[in-house]
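First comes the structure, then the notes that go with it.
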Amino acid sequence: MPRPVRFNLNPQKADTKDHISMVDMPDGYSGEGFFATKLSEVVGLARKNSLWPLPFATSCCGIEFMATMASHYDFARFGAERLGFSPRQCDLLMVMGTIAKKMGPIVKQVYLQMAEPRWVMAVGACASSGGIFDSYSVLQGIDQVVPVDVYVPGCPPRPEAILDGFIRIQDLVGEESLRRRNSDQYKALLQSYGIQ
Amino acid sequence: MHVTLLAIDLALVIEKLILIAVIVTVSLLVAMYETYAERKIAAFIQDRRGPNRAGPFGILQPVADGLKLFMKEEIVPNLSNKFLFILGPGLAMLTAMMTSAVIPWSSHIELFGRTIHLQIADVNIGILYIFGVVSMGVYGVMIGGWASNNKFSLLAAIRGASQIISYELAMGISLIALLMLTQSLSLKTIVQQQQDGLYYVAYQPVGFLIFLICAFAECNRTPFDLSEAESELNFGYHQEYSSMKLGFYLFAEYVNMFISSAVMATLYFGGYDIPFVNDAAFGAHYGQNMLAILQGLSLFLKVVIFIFFFMWVRWTIPRFRYDQLMRLGWKGLIPLSLLNMLITGFIVLLRQYGWHFS
Amino acid sequence: MNEHQMNEHHIKLPEGSIEKTTTTLNLGPTHPATHGVFQNILELDGERIVSAEQTVGYIHRAFEKIAERRPLYQITPLTDRLNYCSAPINNMGWHMTCEKLLGVNIPKRVDYLRIIIMELSRISDHLICNSVVGVDSGAYTGFLYVMQYRELIYEIYEEICGSRLTTNMGRIGGFERNFNSAVWEKLDKFLAEYPAVLTEFQNLFNRNRIFMERTMGTGGISAERALNYGFTGPNLRAAGVDYDVRVHSPYSSYEDFDFKVPVGRTGDNYDRFMVRNEEMWQSIDIINQAYKKIQEFKGAEAEVYHADAPEYYLPAKEDVYTKMEALIWHFKIVMGETEMTPGEVYHSVEGANGELGFYLISDGGRAPYRLHFRRPCFIYYQAYSELTKGSMLSDAVITMSSLNLIAGEMDA
Amino acid sequence: MQALTSRSKTVERKPMTIWERLYIPAIAKGMSITFGHIFKKKPTINYPEQTRPFSPVFRGLQVLNRDEEGRERCTACGLCAVACPAEAITMEAAERLPGEENLYREEKYAAKYEINMLRCIFCGLCEEACPKDAIYLSETFTAANYSRQSFIYGKKELLIPHPKLQPEAYEKAKGQRVKR
Amino acid sequence: MPINYYIFLSVALFCIGVAGVLTRRNAIIIFMCIELMLNATNLLLVAFSKMHYANMKVMNPNAGIDGQIFVFFIMVVAAAEVCVGLAIIAMLYRNTHSVDVNFLNRLKH
Amino acid sequence: MGLTNETIKERLVQKFGENVSNFETPYGMLTFEAPVQENLKVLQFLFDDQELRFQFLTDLTAVHYPNQPGREIAVVYHLHNLIDNIRIRFKVFTTVEKPDVFTATKLFSSANWMERETFDFYGVNFVGHPNLKRILNVDEMDYFPLRKEYPLEDQTRIDKDDEMFGR
Amino acid sequence: MSVTHFLFWFLSIVAIFSAIMVVVSKNPVHSVLWLIMVFFTISGHYVLLNAQFLAIVNLIVYAGAIMVLFLFVIMLMNLNSDTEPQKNKWLKIAGVIGGGALLLVLVAALKNADTKNQIAQTGSGEIGLIHNLGIVLFRDYALPFEITSVLFLSALVGAIVIGKKE
C-alpha cells in the first residue's frame, strides 16, 4: 500500500532548555560575567567536539552502533573517536541495548567511575524504557539507575538516529555552564540516584 | 669538536634556552597534530572522513581535545599511591621530551652576528644519550601502571616494561653496527658524514630495519602495543587516568614517535641533509640562513614520512601476542642484529686492511 | 607488638598455607573483548590461563516467558533479537516452525526468496564475526572494509521490510511484500562487488604470520569434545564434523542447491576463521543459484511471494477495505483468534552460529503453550573454559570473538 | 569422526613457507591494500548536511492518516494496540457528534491516541493491523530528545497535515518520491 | 674541586648505605643499599682518576684512565650481581612468600 | 538409512519393556517417555547402543503442566543421531513438589548449562549436577519464573505507575 | 662561588638527601625511585668531572636496567608499605649509630690525610671521553673485558637456572 505522505512534519522539537537548568543567578550579581561566559562557551565548544564515547553496548543497538562507527556514517567526524572501555577517560556513556536487572548495578558502577563532566545517552527502546521486554528480568529504562541526558528511540535506532541523538548531546554540552556540575540542582539530581 | 658543558656564556645560555623553548613547543605542536593526523590517516585508510567538524577540516580537533582534557575532573583512585600516580605521566612526558636535546635539527643559522647551531647540545655521546633516555622511558609506563592499582594496568606495565627492555638490546646492537661505520657518537658528525655520500641506510639496511622495528616497540605502537591493547587490557597502563594525566600519556606516545622518527631520519636518512642537492654549494648560493631553513624542512619532511609510516602500519596489521613478541625480540632480532654487527665489523676490518669492494 | 610476635607473624605464613600463585582477572562484563555482555573470571598464572569461569545472563530478557503471552505473529520481533546479527534467519526459522505446525505449504519461489535472505544474513553474521576477530587481534581496518558491504545487505533488508537490523521480516506463509526492483538491483551490486572485498579481507589476514600465529593452535577442540559439548555450526565444522542442518534436514528447499560444507581439522581459531570465510563464499554461490532459479519463474508464478493460506496470512489491504470476508480474516488474524493446531513441533535451521532450534508446544490457544529456543551460543559457550585452559590472555580474547558469541542469543 | 555427508570441503591450512615466516611479505601486501584505500572514494555520508534516502517502505515514526477531505481515518477499533508487541499504543474512543462529519470519517474516532515512542520498536505491525488505512510508518526516524515525557506522541504530533487546510505542508510531507 | 669534597661525599653516601643495610629487613632494600655503596665507591674512583690526571697529565695524557676503566668493570659486576641476586630473592620469595631477611636466614623450612 | 522410528521403538521396548511408553510421532519425530528414575538408563542406552548411537544432545528443556497433578513438570530431551540423521524426543515427568531428575552431565558436557537453565526457569533439581545454581537470573531470585503461576512481569516492581502510560 | 661549585653542592645535597630517603622510605617503590635520583646526581657528578661516558653508562646500566629490574621484582611481589617488614626500634637505632660511627671514624681518619692541595679536575680533561676510554679498554684491558662477558654469561645462566620453576 503506498503511503499518502512520507514524512511527518510536526515532530517534537528537542530544546535544551527543557533539560539543563542553568544555575540561578545569585542575588546581586548579574550572571556569570562576560569573561566567565566566554570561557564557558569556549569550553563548551571544545567539549562538544571531543566527546569520547564509552559504548556500553549490550545487544542489537551495539551492532547498529558499529554501523555508525563504520565508514558510511563515520562517528569520528564529530570528534567522537577513541572509543574507550575505560570509564575514566570517557565523557559520554552510551548505553545501547537491554539492561537486565543483573546488569543494572554495573551500569551504575561504570557511571560512578566516570570523571565529571559526564553525559549519558540511552540508545534504543530497551535502554530507554525496556522496549518490548516488559519482563521480570529487564530494567525498565536505565534512568532508574543513572540520570540520562538524551534518549534515542528506535529498536534499534538507525545510525542517523544515533547521530541525531549525539547532536542533541552536543547541543547540551555546548550550552552547559561551567558551574552546572557544582550546582545544587545537579547535586540533588545525583542524590536522587543515591550517588554521593 | 665538543662544547664543554660548563663554559657558561650568558648569550649562549639565552640562545640555548630559546632553542629549547622552540623545540619543546614544536614537539608539542607536532604531537598535537600527530593526534589529528592519526585520526585522519586512520580515516582515510579506512574509507572514512575523520574529524571534520571542529574548525575547517577539523583542524581544531586537537585543541578541542586538549581543552576538554584540561577541564575534566581529575580522578585519583583511592587505593593507589597518589604520588606515584601523578609521577607516572610526568615521567613519561619528561623522558619523551629529553631525547630532543641531541638531535641536530638543522645546520647553523647566522643571526645578530652569532652562529647559532640548531641543536641543543652537541655532546659527543649523542647516541648513548638517546639510548640512556630511552631506557628511562620505561618508568612512565611501569610506575603509572603499578600506581593505578588495577590488575589490567599492572599486567600492562609488566608487559610494557619487559618489551621495552628486550627491544632496547636489539636496538643497541643494531646501532653498534652503525657506529662502526660512523666512528662517532655525535649525531651532528653522523649527519655531516652523510651529506656527501650515500645515506647510511644504504650501508646498513638490515640495521635500519631492526632499528625501525625496535622503534615501533619502544613507542608502544602496533604491532607492539601490547601494553595498551584495547581489546585485551583495555588501554592498559593508563586505564585509570583521566583528564590531563591521560593527556600526558597520550602526548608522550606521540612525542616519542616524533623523536624516534627524527632519530631514524638523522641516523639513517641523512638528517637535515637535503637529498639530491649539494648543500654546501646551495648554502654558498642562497645564504646560510636560507639553507638552514630548507634543511630544517627537509628533516621535518623525513620525520613526517616516518610518522605516516608509523600510522600506516598501525592501521594495517594485527598485534603480536606476548610470547611471540618476546620470541621475535630475543630469538629473531637480537641474533640478527648480532650477525649484522659481525658482518659489518668484518667488512670494516677488511677495508681497514685495504680491501675494497669492486 | 613485641619482637616475638612479629617473628611469629612472618614465620607462620609458609608452613600451613599453600600460597596462591595465580591472579584473578575479571574480564567483563564491560570489557571490550566481551563484545556483548558476559563475564569471564580468569585465573592467571602470569599470562597463562589456569582456569576460566563464565557468567552469563547479563541481558536475560525472558524471551520464552514473553512468547507464552504473544500470538504467533508477534513473536517475530522476539526472534529478531535472538541473534541480532542475522535476524532474518531467526525470523524465517520461526515462520517455518509455525508453518510446520499449522501445515501451510510454501511455494517454491518463496522458499528461494527466503534462501536468498537467509544466506545474506549468514554472510552479514560471519562477516561481523571474522572482522571482529581481526579487531581483537589489533587490526581494525579490515573490519571497516567489510562493514561497508554489510551496509549493502542492510539496504537490501530495508527495501524488503523497511528495517535494517531487527527486521521483523517475513510472515507466516511468506513475505509481507514482493521483492521490488530496487532489491534486485542492490543484490546485483552486492553480488558483483562483494567477492572482491572478501578476497581483499582474506589477503589482509589469511597468510599474515602475525595473524596465523595468533590464531593457529589456540582455542582448539577435538571433534569428539565438540560434539559432546553440543557444538554446531561453523564451530563444529571447524573441528572437522561436516554437520550442517541445511544438508542433514533440508528446509526451505535447500535440497535444490549445490553447495559445499567447509570443514576444518583442528577446531582452532584459525580453522573457525577459515571455515567462516569459506562459508561466505558458499553463501554467495547459493545466492547466485537461487537468483537464477527465481528468474526461471514466469507469468503469475513470478509474482508469488506468499502461500495461499487465508487463515494465517493477512489479506491484501485493498481487500480489507472492500471485501467483508477479507476484513473478517484480517480481524481474526490480528486478534490471534485463528485456529491453532495443538501439538508439539521441533524445527531447526542452520543459524549463523549453529543449529537454531524452535521447540514449540501449542495447546490450541492464542499463544504458544511453551516455546523453547535451542540457542547454539548458549550451548557452546560452556566449552570456553576448556578451550582457553593453558592458553594466554590474548588467546582467550581471540577465542571469545572467534566463537561468535552473541549475547542476545545466549541469554535469551 | 566419520564423514556425515559427501559435500565436505576441507579449508586451506597450509603451513607457513619460509618466505611467509619473514613477516615482511604479508605486511607489505596488507600495507599496499590499505594504502590503496587512501585514494578510494569515501562512502561516508556527512549526516546532518547530507542524508541518505530511506527506502520507500522504511518503518519510522508513525503517522495518523487523513482522507482526501482531511477527515481523520482512525475509528479507534484498537487493532493496532492489540497487534503492538510493545504495548506502546493507547487510545480512547469517542462517538462522533453531529456536526463533526468534516473532522472524522467514521462514527467513532480516537479522542486520544498516544504512542510511546520509547517503547515502540517500529516493527510495523500496527500499520499492517489497521483495517482503515489510518496509521502507517513514515520514512523518517523519531528524533532524540531530552525527557521521557516528550516521547509520548499524541494526536497533535502524529496527524499528518490537513490536505485542504494546510496544502503546502501536505505537499511537503508527501516529499519527492524518487522513481525506482 | 678539592678532592676532599668528593671523599667526604662518597664517605657519606657509603655510610648511609651501611646504615641502610643495618636498619632494614627487606632484602630488596638491602640490596639497593649495597648498590648505593658501590656507587659511592665509583664516584670516589672517578674523582681520584681525575685527581691523578690533574697531577700527571703533562707526563701521561692518559693518566688516571685506569680508574674509570675500573668503574666500568664495577658496573659490569654490579649488573651481573643484581641479575643473580634478584633471581635469588625472587626464588626465595616464591618459596617463603617473604622478603624479610630475618626470615630468610632459615634456609631450610 | 537403516534406522527408522520403528526400529528405535523396538529396541527400546525390547530393552526397557513397560518402562518406556507413550510412543508418538508428531511431525515425524519419535517421542516417548520414561519414568523419571529411568532417565539416565535410557539416555545411556541410547548413547551406547551400537545401532542407536544417539550421541548428540540437541536440546534439553522443561515444560510446566500445572493441570496434570503428579506430572506437572516434563523434562524434554531432544537427541540426534548424526550418522543416521534421525532425531528423537524423550520426556520424563516429575512432580512440582519434588522435581528431582538425574543429571545427564556425565554423558553430555553440553547438558551442564542447559540443566542449569532449566533449574533456573523451573526449579528442576538435577541430582548429581556439579554446579547447580542459577545461570541467567540473579542469584537472589527466589522463585522459578517460567512456571505458569508466575506472571511475566516482576511483581515487586514499583515503576508500573510512573508517568509512562500504556500498560 | 662558581657555577661548578654551585652545581657540586647542589648535586651533593640532593644525593645525600635522596640516599637518606632510600633508607627511610617505607614503600619499596619509593626507595627505588629515590635511588634512581641518587644515580642521577652521581651521573651529574660524572659530567662535572667530564667523565661523560661513565655518566651515561651509569644511567643506562643503573637507572635504565638495574633499577627497572628492581622495580619489576617489587611489582611482581606486590610489595608496598603494608607488607614491609619492620625491624625493632632499638635495632634500627643501633644500625643508625653503627653507620654514623663508621662515618665518624672515616671522616676522622681522612681529615688529616694529605689531600689538601689535591684537586679533581672538573670540566676538562680528555680521559673520560669515549674515544680514549675505548682505546684503553680494548688495548690494555682486552682480557678483562672478555672475562666480563664470561661473567655475564654465567650470571645469565645462573639467573635463569635459579629463576626457573621446577
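Which chain is which? They are A, B, C, D, E, F and G, in the order written, and residues in each are numbered from 1.
The criterion applied here is as follows: contacts are C-beta pairs under 8 Å (C-beta built on N, C-alpha and C of every residue); 3 or more make two chains touch, one makes a residue touch a chain.
All values reported here derive from a predicted model rather than from experimental measurement.
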item	value
Chain at maximum distance from chain B, centres defined as averaged CA atoms	F
Which two chains share the largest set of C-beta contact pairs	E-G
Centroid distance [mean C-alpha coordinates] between chain B and chain A, Å	39
Centre distance in Å when chain C and chain E are each reduced to the mean of their C-alpha atoms	65
CA centroid of chain A to CA centroid of chain D, Å	22
Between chain B and chain C, centroid-to-centroid distance (C-alpha), Å	46
Junction residues of chain E, two or more chains touched	94, 98, 100, 102-103
Touching two or more other chains - residues of chain B	42, 45-49, 52, 230, 234, 315-317
Multi-chain contact sites of chain C, meaning residues that touch two or more partners	10, 31-32, 57, 60, 62, 65-66, 77-78, 141, 144-145, 148, 151, 166, 204, 208, 210, 227, 241, 243, 248, 317, 411
In the complex, chain B residues that touch chain G	2, 4-8, 81, 83-84, 87, 123-125, 128-129, 131-132, 135-136, 138-139, 142-143, 146, 154, 157-158, 161-162, 165, 168, 185
Contact footprint of chain B on chain A as seen in their complex	42-43, 45-47, 49-50, 70-71, 74, 76-79, 81, 84-86, 88-89, 91, 113, 115-117, 178
Footprint of chain D on chain A - complex, ascending	1, 3-16, 18-19, 71-74, 77, 125, 128-132, 134, 141, 143, 149-155, 157-161, 163-165, 167-168, 172
Parts of chain B lying in touch with chain D, wherever the complex brings them together	41, 44-49, 52, 312-313, 315-317
Residue ranges of chain A in contact with chain C within the complex	1, 56-60, 62-64, 66-67, 70-72, 85, 97-100, 102-103, 106, 110, 132-138, 155-156, 158
